[in-house]
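Taking it in order: structure first as structure tokens, then the write-up.
Should a chain be cited, it is by its letter among A, B, C and D, assigned in written order, with residues numbered from 1 in that chain.
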Amino acid sequence: MLKTISVTQENTCLSLCDRYQQVRQLSQQLCQPLATEDYAIQSMPDVSPPKWHLAHTTWFFETFLLVPYLKGYELFHPKFGYLFNSYYEAVGERHPRAQRGLLSRPTVAEVYQYRDYVDAGMRSLMLEISGNSDLESLITLGLHHEQQHQELLLTDIKHILGMNPLRPAYLQNPLSAISKFPENREKWLDYPGGLQAIGHQNREFAFDNESPRHQVYLQDYYLASRLVTNGEYLEFIEAGGYNKPEYWLAEGWTTIQAEKWFAPFYWEKIDGVWWIMTLYGMQPLNENEPVCHVSFYEADAYASFRGLRLPTEVEWEVAASSVPIKGNFVETGRLHPTVASGVTRPDQMFGDVWEWTQSAYLPYPGFEVADGAIGEYNGKFMCNQMVLRGGSCATSINHIRSTYRNFFPPSARWQFTGIRLAKY
Amino acid sequence: MLKTISVTQENTCLSLCDRYQQVRQLSQQLCQPLATEDYAIQSMPDVSPPKWHLAHTTWFFETFLLVPYLKGYELFHPKFGYLFNSYYEAVGERHPRAQRGLLSRPTVAEVYQYRDYVDAGMRSLMLEISGNSDLESLITLGLHHEQQHQELLLTDIKHILGMNPLRPAYLQNPLSAISKFPENREKWLDYPGGLQAIGHQNREFAFDNESPRHQVYLQDYYLASRLVTNGEYLEFIEAGGYNKPEYWLAEGWTTIQAEKWFAPFYWEKIDGVWWIMTLYGMQPLNENEPVCHVSFYEADAYASFRGLRLPTEVEWEVAASSVPIKGNFVETGRLHPTVASGVTRPDQMFGDVWEWTQSAYLPYPGFEVADGAIGEYNGKFMCNQMVLRGGSCATSINHIRSTYRNFFPPSARWQFTGIRLAKY
Amino acid sequence: MLKTISVTQENTCLSLCDRYQQVRQLSQQLCQPLATEDYAIQSMPDVSPPKWHLAHTTWFFETFLLVPYLKGYELFHPKFGYLFNSYYEAVGERHPRAQRGLLSRPTVAEVYQYRDYVDAGMRSLMLEISGNSDLESLITLGLHHEQQHQELLLTDIKHILGMNPLRPAYLQNPLSAISKFPENREKWLDYPGGLQAIGHQNREFAFDNESPRHQVYLQDYYLASRLVTNGEYLEFIEAGGYNKPEYWLAEGWTTIQAEKWFAPFYWEKIDGVWWIMTLYGMQPLNENEPVCHVSFYEADAYASFRGLRLPTEVEWEVAASSVPIKGNFVETGRLHPTVASGVTRPDQMFGDVWEWTQSAYLPYPGFEVADGAIGEYNGKFMCNQMVLRGGSCATSINHIRSTYRNFFPPSARWQFTGIRLAKY
Amino acid sequence: MLKTISVTQENTCLSLCDRYQQVRQLSQQLCQPLATEDYAIQSMPDVSPPKWHLAHTTWFFETFLLVPYLKGYELFHPKFGYLFNSYYEAVGERHPRAQRGLLSRPTVAEVYQYRDYVDAGMRSLMLEISGNSDLESLITLGLHHEQQHQELLLTDIKHILGMNPLRPAYLQNPLSAISKFPENREKWLDYPGGLQAIGHQNREFAFDNESPRHQVYLQDYYLASRLVTNGEYLEFIEAGGYNKPEYWLAEGWTTIQAEKWFAPFYWEKIDGVWWIMTLYGMQPLNENEPVCHVSFYEADAYASFRGLRLPTEVEWEVAASSVPIKGNFVETGRLHPTVASGVTRPDQMFGDVWEWTQSAYLPYPGFEVADGAIGEYNGKFMCNQMVLRGGSCATSINHIRSTYRNFFPPSARWQFTGIRLAKY
């Protein structure tokens, strides 16, 4: 059903209007396989109902573009600002996050009407403001914001269906098997240390948290040529990894005890055989695929078990900066990590799964928060989160960069998150 | 929309099959005004999603009638037993109650298919077993069980819509105003004490908790001629009732402090004016209507404020036993309490709102629990609950009796619950 | 150490002043075996630190007697009212109950000074008011209040020491073994039904909740001749009683699942052998002693397991009214239940363990709450509690009556609570 | 009372045995002002009862030195390992942290006996092992461990007394007023960037988390010449800082809303005047003293309010490496921050209050965890904590270094924590 996605990868040459159209359309396309009932569920506090994502991304354009800049614009509904603001304190009161799943209204149909109404407004606005680079930047930000929510849409849908005892599938076509996988263990790629620079530097769009570009001093280091696989992670499980505190950060150990974690999220052992929940429903565990849906705690513990470590975000970015951006992104329609190619160069750096780093999410030297509500976008989350790099099978290819900094609390598991090892 | 309900009140002469048809149909009729999205919401742990009620009442017939007694019956779905068992421990594992709102699947359409499938099975079974009084009793129990869930359907729908910041209406027609209300205060009806008998005694259907009929010794007592009104309860609020611990049971005081209660549930003061949420959406408070959606704590505190008390369930039943069963039931389609008629005899004893008594829900002398899962129906809840009597505007007229014992924890407010005063 | 207690059992002939002296002294005598550190611990929210009991009972006399009635009385400390008020809303703000164990100050020595100071004031007051029966009644209430706290002192000390992994003993002398126990099962004592009266009727002191005396109508019934023993209760455990929902009230089943209860409180199975924590430290389980430290849920489940039931408080009182008040009370110094005597008449009706009844704690017909703070004594707890009768090995003999109504929530286990069976 | 402390600051020339004696003695000296009752209180989960600190530091020597290395050593008590292990998973089960305040036993006297017993053992061991540098290092680690607990002893005692409504004083002597304070605002000290090195490098004792020394690249930066004062922080409060989300990290904003924070910890506004709880009891707020008992969230929000930022730990260490270690440490006996000296060079870098940095607590490049239980000392906490630098008025002068990395979660406020500003 999702095979029809055909985002042009060189879309920077597209007009803003076309890009708007394309991004907005993908959100709705991703929801096509859903039943009406699926749109309203919040299966845990971190998850938002799909219709909330559809409405919230629309509210962003309405609030930051149409209300201030489109003459004569009238709000679609006076209460939608209250319902669909996520966390922008500067924009006023909002519905409590944990209660997003208690809202049967507005209905799905009304949310689609809201999207159409705002899209019409945006088309008018984009015609009017052509060449106004500040507003175009703001629209571009709104599109990247929506692309972030597209990834959340997929991970949240997976959670909503995965928590259902019926384990329904989102995709009806079979998950294509990919059997190639030549090597037994990762290879080690050698990177020289010394003074390096990281951070965003060109005129393309990037989030504020990627700037300023700045120098850093690095030790020599090695990165694994590919991601850790399910089969490798299984060795950790079978060696009693979840019962041995010596591998775990104190908070990690407390968490796996409290939450009774015994394997990555979505793994189930049924009659002695490991299965995993996927967007294709329940599938037997493929040992060659990258391990996915692990927390930072598990990534770190696995590295300890191996006597290795996770890369820092600096090490990752320096290595990634010379790697072309291609891989298993949302555009492939697979929506599931795939096996490594077996090449002896950095493989799977982009796409497949977000890679946990050992770097806390902190401001770069000289980071400045933007003024107003938009300034709440990134900076205010710089506490108690870890950086992830590289994008996943649910990320749009034109959304990712080697400088892109994703971040989640160390306990988060419902995103497509995995492990690449490092060592000195 | 609900005006088309035309349940014959003398339906005891109906065949079982007709009664089955009628009761099952009403459940679906009550859901007609819902949007698909409304069916899956659980707005608090006590509330069940409407589709859960539709499926659970169906599961009852499937589990206790079709599986054991209909030859060749095949389950509609192997997991529905897990999903739609409410609390019958003897029937096996079940989905956690507080997670009923996390289930987008089965869809509403699938739940209706489940109902059709089971109804077809039940028609076959009823033909086969005609005259088997044990099975007919069990079916009758299933129908009364479904009638209880019809009341919950309405109170849960009210809660689902009432918690939504959009405050949507379930009924689109206007709430008809009824202005008659001749008296200022309740009148007092005098009842002699002495030896009396309460409990069920004839061959009609009744729940096990209404038996055995037994003698009790009563003091002389008075009951108020009618229910306490919104206007009277407002006097309590305006006299600072929610800030004065002397009126409250210790648990009640703790509860109103912790929950920040300041008025009955569904009351909102907007710009200095009281409004209440109803199935017709937000309505201005009508001071002549009976106060509704109060907890036992509030009912008891109001009685203390008046220097009076709540009746015992014995006093209520003795008084009610000579009152004809008529009033504002679900069949009127009003679905909202209405004002008293002003007569000087027990008024509003049946219908309008359930009346809190000062009696804890306990077994009658000689009460016996039935064998098997059906025995879990009533007896196991005889702890920390208070008895309510008389039915409400959401109750079916052929479901209620003067001996009927409803019960809820003293903090429950989302049912149609109100107050009748008593004194010695 | 407690052997020196020698309360005269006919102390009604004592002067008020002597009774005051005697009761106040016993509180301190009960604390003699404590280390200073034991006085300040709150091992669960229901428990109060021993020094809190010593201070709170003193605060009662200071607040309700000395402040209003002793001319020129000055408060011992301006903040003690805040610290040592238990729940009297009318007397003002108070320290949160669950935080009583966070107070190292006032020190134990200061609390004893507070007692001495108030006792001196009370001696002056008692001389002044001789013959003022209202104040004498209030003092008598204060003494009975202190006797209630003496029982709590013992059960709280038991809990404080029992939760300590070192399991220290409160009493250093050995627990005397009592081996007599002639019978295998309880005998059944037959009581005729009909109109009976219960409630307090003479001029002796009684709490307000025992009045007014009133008529009740009873079925014929049987009471067990003695309490259920540890050995009998062990049969229930060994028959899987804690794993079979059919024996349990719904709330009871939820509670034992959530709390992981598998036996009465203070029972521990060590290397396959049952031990119980006592005020003598850990002791092997004596199967002939009455089972103790069970909740109402467990008492009710045990009765279900036996196909029997608990008595109502009316049945118990009618039977107890002709039984002389003697038994294993605090004055024996044993502070632990003892085995039945084997006689064929109501045995162990008083002392040993409080007996759970199947009666919820509710007002008697015509019950009136006293004015002012004293009126908060009993009435406001009449919700979600069950009645217990007969006193325990931690009760003073001159504190108990056949009409005495103790009450606790159905989940309470840290009191000396046990089981007497009944049937029709 | 604490004036008698006279730790020699050049104690590196002391023999190990003398240093052992000196450190162990200080722990007991710090407890001298306590009442017996104060030793057992745990006023919040982060706080440990003073007697627990006394016993836990002793358990460290018993477990890691005496048991493995002192021939014939017998445990003081078989259960003390269970009671006084803090978090060493490798050493076995332990008493739950949040229940440390439920233990009246062992008594304070028994804990002091335990200390004497272990001290005697340690004296024997130290004689035996003279010259064994591995064991001497382990003993030195144990002494630094005890010094850390000495700081916690003081902050926990302050919390225990500060939460008590009586607000008792720990120190009976008056808090000496220090009035000098010449400047209105901090001055800015200029530091050049470029390649720098941080981390421990000599043969003196240091914790594993301070190594390895490594190069870092820095921008040019400024540090404030002194700490932020109470008066300056008051400007933030009076400007509505606690009500303006724009100054706060998202987690900080959530925390101050949930916890209802309105000022630093221990601040109270009484009749319009600000007071603070100190170890001298309640004292009027001195606007010239450094602000203390702020969380990282508050430190960061204050910096935002000023348009400035917190230093990184690298910036702090580079600046501190040339500053002599002197200041207001525990040895002054003041136990309270004091005002700046007014000099135009880094002032208050050591002592007074720990300074929050904007650096998350993470491993240095090449950090290696030690083997065995000792390896659990630091590394396993490297998640969701922020680094603090410089020591406080509760730190021993011979415990601190410019490379010393303290760490606490961003919400911690009960330590002596304050703010130094930075900018580019």
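Annotations
We take it that a contact is a pair of C-beta atoms (placed from the backbone, for glycine too) under 8 Å apart; a residue touches a chain by one contact, two chains touch by 3 or more.
By chain, with names taken from UniProt: A, B, C, D = Ergothioneine biosynthesis protein EgtB.
Source: prediction; values computed, not measured.
Any chain touching subunit A that also touches subunit B would appear here, but none does. At the interface between subunit B and subunit C, two copies of one sequence, more than half of the residue numbers in use are shared by both copies. Centre to centre, using the average C-alpha position, subunit A and subunit C are separated by 60 Å. With centres set at the average Cα position, the gap from subunit A to subunit D is 38 Å. Per the contact rule defined earlier, chains pair up in contact as A-B, A-D, B-C, C-D. Looking at the complex, you find that subunit B touches subunit C at residues 87, 89-90, 195, 214-217, 219, 245-246, 248-253, 296-297, 358-360, 362-363, 365-366, 375, 380-384, 410, 424.
Subunit C makes touch with subunit D in their complex at residues 35-43, 79, 82-83, 95, 101-108, 160-161, 163-166, 168.
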